[in-house]
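Here chain A shows up in two complexes: once beside chain B, once beside chain C.
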Partner chain A sequence: MGTGQEARRVVTDEAAGHISRVEELSYELKIGDVMTRDVQTLTPDMEMIDALQLLRRHRISGAPVVADGEMIGIISIEDLLRAVDRGGLHAPVRDFMTTQLVTIHWYEPVVKALELFGRASVGRLPVVDENGKMLGMLTKGNITNGTLRALQKDYQEEEVRRYRASHLFQDIISDRTSLILRYRIEPRDFTHGGQASNHIKRALLRLGANAQLARRCGIAIYEAEMNLIIHTTDGGVIWVEIESDHIMMATMDDGPGIPDVALARRPGWSTATAEVREMGFGAGMGLKNIERCVDEMNLESKVGDGTRLDMKIILPPEEMFGDTTPVAANSKG
Partner chain B sequence: MTLQDVIDQLHLKVLTQPADFSKVVPTGGYTSDLLSCVMAGAKKGTVWITLQAHLNIVAVASLLEMSAVIITEDAQADPATIAKANEEGITLLATDKPTFEVVGRLWEMGLR
Partner chain C sequence: MRLEEVVTLISGKVLTDASDLQAEIAGGCGADLMSDVLASAQPHAVLLTGLCNPQVVRTAQIADVAAIVFVRDKRPTPDVIELANMEGIPLITSPYGTFELCGRLYQAGLPSLEQRIAHEGGE
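Here is the complex of A and B:
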């Protein structure tokens, strides 16, 4: 049994990032949200054998004892075992009930009950209002069920969001609908390298793209993004335009520009510095990788002016956004 | 073979948050220290063996949805790399053994 001295955990910003949704829910959910309201009660004059039958009939492991509307005790399986042991099955409930009651307020968070279950070593807690009037009962099973229900609701909400996004192209009527995403990339910002590509990949999944398509776009954009970080003078812009039947992706920068575009496209050729190569970049494979992932690629560059890389992915009919065939409508990434 | 088996048999140090690695089944392995090669060659769910330990390995692993990254030769991942990996749900493992030996052991264990 705990001492009741456990300090409430201090949550630092760093630690907060690691808190699971279940832990979060234990603070968000109130006892009143998860407790059993329809409580089976016993009277002090009932025989223990009747109490046993009531618990068995309702498949519960304990029940409060109520007299004149007041809760005066609680009977649990343990009390019944004690009665069996002492041959007291025909004794009144009042002789065996536990009268030292640990209760909890309905407005407390679930985490409080979890602490109390651990500390007081009880299997159930009567839930009371501000005036001590009993409102319901709480068991660990209630908490598990309540948490699962809340998680299920979270999940459904996420599904609904995804559903809505994936129907963007169907729901909005125009002659030509497109969604444009723009990202600003800073030079030498290795810390955020890959962030834009990850965001683009997630956006595509949310729109209902299949995993393979999202991966192709992710890889192509990653290489283009790293090129902006590694080679540009002042960074550049990633621009992605998603239409129902194709995706256009482009990166633009204003320098320094590539002197020999054909040479730059040759696998294994790179101008990356030793420091950058040490990090595993500069293999001279980036453009090759992009070519492999997209249907069309065009690289234009002029020294002093900058570079523009265009990439296009054409979506086959079954993968089109907003398509009404079951394949696209059901693709959940 | 699960990721837990790999961790146990190769005595790998888990750098990121512990998880139930006995539920993670690597689909294969890939090794290279050049990120573009990894981008081109590594498949979803693979274990990547590299001596790169800087932040950008997390972006690559996350984009390719890898099972784990094994950092070899005692290369030191800095706290930012580990924090980012935790954020992205990427498992980082470490060993002082050279890449060649790690790959050999994984191959012996049946990872292809």
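Here is the complex of A and C:
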């Protein structure tokens, strides 16, 4: 009988990455979630032939023997074979039943049952409550079905999440629907540098953008985000507005401002410090990269006032958000 | 070429957990400037780099890089590895330098995924 203690195991950081969802489920799912509740029972005075017929009729491989509401034994196919072998098909069930019962509590995790199946070499486990009262039966088949059901539920939940996000623009009716994402970027915060862009890219993918579009927006906003981190006095703001047919992205800061915008746009020109360059940034390619990725770019800056960079990406009809054509038709990324 | 083969060719050590070594690597690119990666790396490339900061992983996520190889036994800090685990981007360290790494992979048939960029003016 389980105590719940043995089933627990220490999950180290290293091992954690190797645990599959199925393994996780074997810890999450309780015996009570997967067991059969509607149990066919036998009485000790029934003949073995009747037990055999009951198992055959219900297509089960074993059943508990109950007397006065108490489970006193269990009959499995093996016991029936023994009875056939000894010509005991008309003998009472009590003569052939297994009385050494291995049971399991309903609140134990499924992994506990898997251990027991392996260790006790039994094919089914009566499931009992805290007082030993039988609540159901558990077979390996129950575990397989329960795990598959749980996996399917996971899958459906993810599908629903994706469906909801990608249909945002279809489900909400207005003259003009848009979704705005805002991020605050701190100056010299290299530790989090690029994080906002990663979030923006993921949001676009979730909204149903194809890989190519998400990548274009990602590259442009990443360069702009790094510019805020590298160059601004007090950081700045990223603002992304997503509409069904275009995406506007902007960064705004309040200084120091760019003295010569034309020079700043020249490839290779950079004011980044050696420290920043060592980190792989400040090569003077940022604005060029942005220009390459977006359909329209506008850079306005005034020394002392700050800088505003606007980027616009126009979505071709087949890539519009909320488009009703099947996903397969526009997944060219 | 599968990531597993890449790791063998470069005597690499995988630093991330549960990395899919059967993942298909379309080609390679080498860069220490993140803008270069964003500008030139085509999707599903293995990136060879000497940089070990979190931005390498974030840049890789943006540029759809399939795996990152650190040259000359460089190793990122645990927080960078954790970030890569979260983003599902395998990190590999190799004892070889960039030139040798490129040579080994190219010779084994891994194509370049470095897109040529037309520079306007300048340079």
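Note that the second predicted complex is superposed on the first by the 200 of 333 C-alpha atoms of A that agree within 3 Å, B and C clash if a C-alpha of one lies under 4 Å from a C-alpha of the other, contacts with A are read in each partner's own complex, and residues count from 1 in each chain.
Methods note: a contact is a pair of C-beta atoms (placed from the backbone, for glycine too) under 8 Å apart; a residue touches a chain by one contact, two chains touch by 3 or more.
Owing to the predicted nature of the structure, the values given are computational and were not obtained by experimental measurement.
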Fit-or-clash call for chain B and chain C when the two complexes are aligned on chain A: clash
Chain B versus chain C as contact partner of A:114, first or second or both or neither: neither
Partner chain in contact with A:22 - chain B first, chain C second, else both or neither: neither
Touched partner set for A:266, first chain B, second chain C, both or neither: second
Touching partner for A:148 - first (chain B), second (chain C), both, neither: neither
Chain B versus chain C as contact partner of A:219, first or second or both or neither: both
Touching partner for A:160 - first (chain B), second (chain C), both, neither: neither
Which of chain B and chain C A:286 touches, first, second, both or neither: both
Residues of chain A that lie at the interface with chain B and also at the interface with chain C: 14, 17-18, 190-191, 193-195, 197-198, 201, 211, 215, 218-219, 222-223, 226, 279-281, 283, 285-286, 288-289, 292
Chain A-touching residues of chain B, taken from the complex the two chains share: 17, 33-37, 39-40, 44, 50, 52, 54-60, 62-65, 80, 83, 86-88
For the chain C and chain A complex, residues of the former touching the latter: 16-18, 32-36, 38-39, 43, 49, 51, 53-56, 58-59, 61-64, 85, 87, 117, 119-123
Chain C partner contacts - residues on chain A that touch it in the complex: 14, 16-18, 190-191, 193-195, 197-198, 201, 211, 215, 218-219, 222-223, 226, 266-269, 279-281, 283, 285-286, 288-289, 292, 333
Of chain A, residues touching chain B in the complex: 14, 17-18, 190-191, 193-195, 197-198, 201, 211, 215, 218-219, 222-223, 226, 279-281, 283-286, 288-289, 292
